[in-house]
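Before any comments, here is the structure.
Just so it is clear, A, B, C, D and E label the chains in written order, and each chain counts residues from 1 on its own.
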Amino acid sequence: MNKPAKKQAELIREISGVNPLKCMKCGKCSATCPSYDEMDIKPHQFVSYVQNENIEALVQSKTLWKCLSCFACVERCPRDVRPGKLIDAARQIVVRERGADYLSPDEIPELLDPELPQQLLVSAFRRYRR
Amino acid sequence: MQRIGVFVCHCGSNIAATVDVKKVVEMALLEPGVVHAEDYQYMCSEAGQAKIAAAIREKHLTGIVVCSCSPRMHETTFRKAAERAGLNPYMVEIANIREHCSWIHKDMEEATKKAVILARAAIAKVNLNTPLKPGESRVTKRALVIGGGIAGIQTALDIADAGYEVDIVEKTPSIGGRMSQLDKTFPTLDCSACILTPKMVEAAAHEKIKIYTYSEVEKVSGFVGDFTVDIRKKARSVDMDKCTGCGVCQEKCPSRKTPSEFNRGLNTRSAIYTPFAQAIPNVPVIDREHCIKFQTGKCGVCAKVCQAGAIDYGQKDEIVTEKYGAIVVATGFDTIKLDNYDEYAYSQSKDVITSLELERIMNAAGPTKGHLERLSDGKAPKEMVFIQCVGSRCSDNRGKSYCSKICCMYTAKHAMLIRDKYPDVNVTVFYIDVRTPGKNFDEFYRRAVEQYGVNYIKGQVGKVAPQPDGRLLVQASDLLDNRQIKMEADMVVLATAIEPNPDVRKIATMLTASIDTNNFLTEAHAKLRPVESPTAGIFLSGVCQGPKDIPETVEQAGAAAVKAIGLLAKDKLLTNPCTAQSDILLCNGCSTCANVCPYGAITYEDKEVNDHGIRETRRVAVVNSALCQGCGACTVACPSGAMDLQGFSNRQIIAEVDAICR
Amino acid sequence: MKYSYYPGCTLRTKAKDLDAYAKASARALGFELEEIENWQCCGGVYPLGSDEIATKLSSVRALNEAKEKGQELVTLCSACHHVIKRVNDDMKHVEDIRTRANNYMQLETPYAGETTVLHYLEVLRDRIGFDVLKEKVVNPLTGRKIGAYYGCLLLRPGSVMAFDNPENPTIIEDFIRAIGAEPVVYPYRNECCGGYISLKEKELSKNMCDTIMESAEGFGAEMLITACPLCLYNLNKSTAKKLPVYYFTELLAEALGVKDAKEEVAK
Amino acid sequence: MQKLIDRIRELLADGTVARVLGWRTGDLPYNPEPAYFECEEELQDFVYNGFCGANLSKYMIEASRLEGKTLVCLKPCDTYSFNQLLKEHRVDREKAYIIGVGCKGKLDIEKIKKQGIKGIESISGAEIEEAAESLTIQTIYGEKTCAYKDAMLERCHVCKGKEHQIYDELIGDSSDTTDADRFAQVRRIEAMSPQEKFAFFQNELSKCIRCNACRNVCPACSCRKCVFDSTKFDSSQKANADSFEEKMFHIIRAFHVAGRCTDCGECSRVCPQGIPLHLFNRKFIKDINELYGEYQAGEDITADTPLTHFTFGDAEPSIVGERG
Amino acid sequence: MSIEKNEEFRPKIVAFCCNWCSYAGADLAGSSRLTYPADVKIIRVPCSCRVNPMFILRAFEKGADGVIMCGCHPGDCHYSTGNYYARRRMTLLFSMLDFIGVENGRTRVEWVSAAEGVKFSATMNEFVEKIYSLGKNVRLEDLRCRS
């Protein structure tokens, strides 16, 4: 990322509408997350990374692509921090700046099977690409 | 025309360094009504006060303005000085040229200009001041304590020991409160009942204390020193004088399916019942909603078996009206409803319980006779999980924003007691922070870890999932190990947030005592007046003011008692003379003012008036100056300007406005 | 009673059954689903970013069309419901989004969240009533033990979706009771199936579905029902316990005795 | 009207009421005025027609102090004022016998004159029985016609409805004459720039001659002594034309009646300078409706008045700036 | 039409402060030496509900350029409910002033507790700055005199 980290953090806060300072570090998000084991930066860490403006690590992290947007952390967060929204905002920044990073049209045919619903493709495109 | 003296204080250099005090004196002398002006180093000193007194006498002053520090600091001082010199104290006004001027401005010319204007406003006001006289009101030497838990009992005992009459009003059939439901108490682990019961007995036996159980406060009127309270004594259906407390009626009662309030619904009780064995008074009540006799007309077993003939199905609610000088609120708390926390499966599994329910399970008189067992199948648990901060510290409107304060300690207590009694049970506590300020408190918690091997894990639980085999899968964070834990447990205990007793809002409204967004009663000053409500004559005891444990509750109960005693010890109270007054010639009798009065101080009377020769009877507003606290809401609501506030009249304030904008 | 109806992409292709059974059942229950003209795909996922406007417009168009017709808008697919309901909430409560979306759309009168968005299940519960449904059942599915699978999209975030208690929902269980079968409550019915992750991380979503399947099976379910084509797809990929998964509308049509009518209605 | 007069005669004759509060024919065909009638003979001058716009509620304050019952004729919109006065204990329900008279919209002579109709000798079509589509006006310059609607008072275009809120009996039919948006003009002004707003009101208010007609007719302005006439606020400085009351009179008056004003429109009807004074009241009503929930003064006398009531979540005053 | 003297504009600003919270907050600002311009003059009232809209109109009429009212935070009123009434009254009054073309920035309500000396000072700085940017208030004085 070429923008300074401070600005990036600002942008994440703005897009997500989340104030990471509200976090009391209870870890309920990470306790709740079904993708926890796949993530390199865990949901609760994600919040403090934004707080500390450690953005470079975030945009490189696998977490962006492992979050399911299932909103379990959003629902259960006792402080209304909603880590899922932060993760999505970071993902937005990445796909907006880098374009199709995580899903390229070329790889799609091999991912398909006869039962696969359109909904899945549509959703994945929305999440993974600009 | 007033004869006004103006006194400008240097306050050492606090004022004089930034304000040209001589200039203020000079300018003040130009104002209408001013016949004397002088400055002095320290007006509040004895010498300064003597100067004021001398000027009042020599120049026959009718009003004075002191240009000095904030009236919140020395208004009383100068009023007293004026009074000693024969001037009505309410003819004194303060121009705040320190906090509002010299301390915040740097430029001397600017600060001086402002000081002159502030003095001018005060002079304009004094020109319209009238002498006021505080009223007197009597003090009824009796206190009311609302709530019969440990807070209420302690307050009542302390007041009674000082020689004043006290009445306790308790909603449930017995005094004792939450503390009577507890098994052991931290940090000493003595049995709760063993320390509480003697206090209950002492209160019941005290000749100065009268206890109304199964009763509620219905209506409060009056004011500090002279409250009138209606107490509803709910029909007990049992004659208190005849009942011997033998308990046969409870044994024989055929209706046995009502969840026991005392045991938090973990087992059932009969329709005629005393909440627990040590209840005071030891006289049962009939729960009419669940009584077969009351519901169907057919039964009457209790009356048949009662040797004393104490059962009285015809008993009716009774209203007792009493007068009190002081009221202490000690309404306590309850645990929150867990409807918003279904991820912890409280409603889905019997083996997910609250800490207060665990108290009952651990208690020898409880539903399991003190055996630690799963409520679903009666089996002994092997693996127990405690979850902290359930509903506390939540800013998402599902729970409470505050820390419930007692949970860390009682969880350590529970964990320790379980490990002590059942060493083969593993205990895991999931916490966010462990908060243990207090004497011997942290040591207590460390003992749980170091001596008893309780496993504390930093991280919140996300979900409790009941498994087909009846065990509970707990999914949690371990923040220090940075891993997600999935562990099976046999029982899960939720450290449920506490909240003020829901009835407190109703009571606060009756008392016009202020209450915060969490329904805790507000104290008059967070630091300096923590046991008084801002409403005079109302005192706060126990958790109704904020979360606290037993020692703190008892401390505060004593403090509230001292404040109440201080009030009861007075024979008379002086009332604030800055109250609203209605001009009966202007009053329309429209009732608008009464609608906004927070104290019910305004009533309407049909009064004979003489309006420039026309005599007629009119409906007019009358202010009870003992009730009026002088807020002025009525004066603005009044469409005709009939209502005005003494000491802050419309003309006085307008005169200030004019002086500032001149 | 006529409702505006938003089918969504998958109901026109892979999930034709979900749609056809719903319409057949609607007819039996005395209401009609009138398809929105020229609907466009909702996008499948709700764009969370507060600065996302363009991606919300297809929902706004559908919402506005329902508003103009004076009808409530009914959805069937969980994802469409989630997206449209949340966009509607934005249009109602977030001034910035409302202004920008309206500036873009240039509608006759600006749209400000006036339309009520209902999921088909909410129509059954809140408009028809499960007790009425129960009376109309001709072929009660007595003896079938059914696990409801809610997934995440219908329930969360609870404050916006306002569908049911997000941690302990009961609407599908009540539905199961109404069609004469026996609901099986299991704790993972509101946990995620993996959603779109199954495109690239098949293993991850399979694991999640295994947990769900095992839990449901353990509590005695013989089958699962869902409202979401993607959930159905993912659950079917589970290798753990192979419980059959159905759309709730299929069982509804069966209970109402109109299962065979679906082909006719589909036209 | 005959039915009304017959009934009034009956009630007066059998002693049910001691007097009648109604309208008496004026010296011109279009200026009937409020009047008391105490006997049969006086009733010859009684009139009720399209020009009887005057709201008689306020007279009931005085009538409540008289011996015996007073029969008062109230149009649907007048009953709101009566109710409001009842709520404020200014009138005595026991002293009033209310006949709810039918109303199909009241006329504004100024509107007729504005159409260039001068030298009026008589007007037909303003009688109540037939809801005439148009008025036929005999003038010294010949016969003119004018659509009834075009001659209606502003307030009738935003009619509160045909239902009487309080009455002992009803005589005659009413209709809802609403055909305009009550707040349209308020909205138009709200949309102006501060400069335009100021210019608008400066232009209107500079016409004011402080005749106090608006205050005197207003049923909400019923204080025994007006604050502008008392010394309570140092606000009665008659001599100085540039004084406080001169500038603030209308704003203060509107604030005094805010939450109590039923929007009866009498202030604008009687203003000799044609100042649209009701706009101030409507602005308050609109704000109250938007900020604190729909409220119609005089509709429900048990309801909380907006300014003597509150909710914890009320809007902050800063909303005024935020609304833009 | 007279030509205005080229004199530096110093606004007249009246601040009504309730005795229990905001006046004490102003005292705290003073004892913490938190400065704000001398243009602000404070009038002490027992409660924000004592502030009659007439006082505010009077101030403007007498030449004030801005009027601010401070009271206890909603829920914390010393008299329980006073500031709730004040809030409604001021909202409606300000809306009316806005309606007749008086700039909304000239009126303000701020809730300042006894502990909020910093907020008091910050609010006053902000408000004075706003009044400077609006310049002299001519409108209310001129309302009835056609220019």
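In the analysis below, contacts are C-beta pairs under 8 Å (C-beta built on N, C-alpha and C of every residue); 3 or more make two chains touch, one makes a residue touch a chain.
Note that the structure is a prediction, hence the values are computed from the model and not measured.
Undergrad: Show which chains lie in contact with chain A and also with chain D.
TA: B
Undergrad: More C-beta contacts across B-C or across B-D?
TA: Result of the comparison of B-C and B-D: B-D.
Undergrad: Sort the other chains by how far their Cα centres are from that of chain D and give me the top one.
TA: Here the answer is chain A, farthest from chain D.
Undergrad: Approximately how many whole Å separate the CA-defined centres of chain A and chain B?
TA: Each chain's C-alpha centroid was found; their separation is 46 Å.
Undergrad: Counting only Cα atoms for the centres, state how far chain D is from chain E in Å.
TA: Measuring from centre to centre gives 36 Å for this pair.
Undergrad: Can you check how far apart chain A and chain C are, centre to centre, with Cα atoms defining each centre and the answer in Å?
TA: About 25 Å, centre to centre.
Undergrad: At least two partner chains per residue is the criterion; list those residues in chain C.
TA: 166-167, 191
Undergrad: Please set out, as single numbers or ranges, the residues of chain E touching at least two other chains.
TA: As it turns out, chain E has residues touching two or more other chains at 52-54, 58, 75, 81, 85, 89.
Undergrad: Provide the list of chain B residues touching at least two other chains, using ranges where the numbers run on.
TA: Those would be 343, 463, 596, 637, 650, 654.
Undergrad: Which chains touch, pair by pair?
TA: Going through each pair of chains, those in contact are A-B, A-C, B-C, B-D, B-E, D-E.
Undergrad: Contact residues on chain B for chain A in the complex?
TA: 343, 389, 393-396, 398-399, 432, 458-463, 475-477, 479, 482, 484-485
Undergrad: Across the complex, what residues on chain D touch chain E?
TA: Of all residues in chain D, those touching chain E are 186, 189-190, 192, 194-203, 205-206, 208, 227, 233, 235, 242, 244, 246-248, 251-252, 254-255, 258, 280, 283-284, 287-288, 291-292, 306-308, 310-312, 314-321.
Undergrad: Which residues of chain A touch chain B once you look at their complex with the stated criterion?
TA: 22, 24-33, 36-37, 42, 44-45, 72, 76-80
Undergrad: List the residues on chain C that touch chain A in their complex, please.
TA: 8-10, 13-15, 41, 43-52, 55, 77, 79, 152, 155-158, 166-167, 191-192, 194-201, 204, 208, 229-230, 232-233, 236
Undergrad: Can you tell me which positions in chain B touch chain D when the two form their complex?
TA: Answer in residue numbers: 583, 585-592, 595-596, 604, 611, 616, 619, 637, 639-642, 644, 650-651, 654-655.
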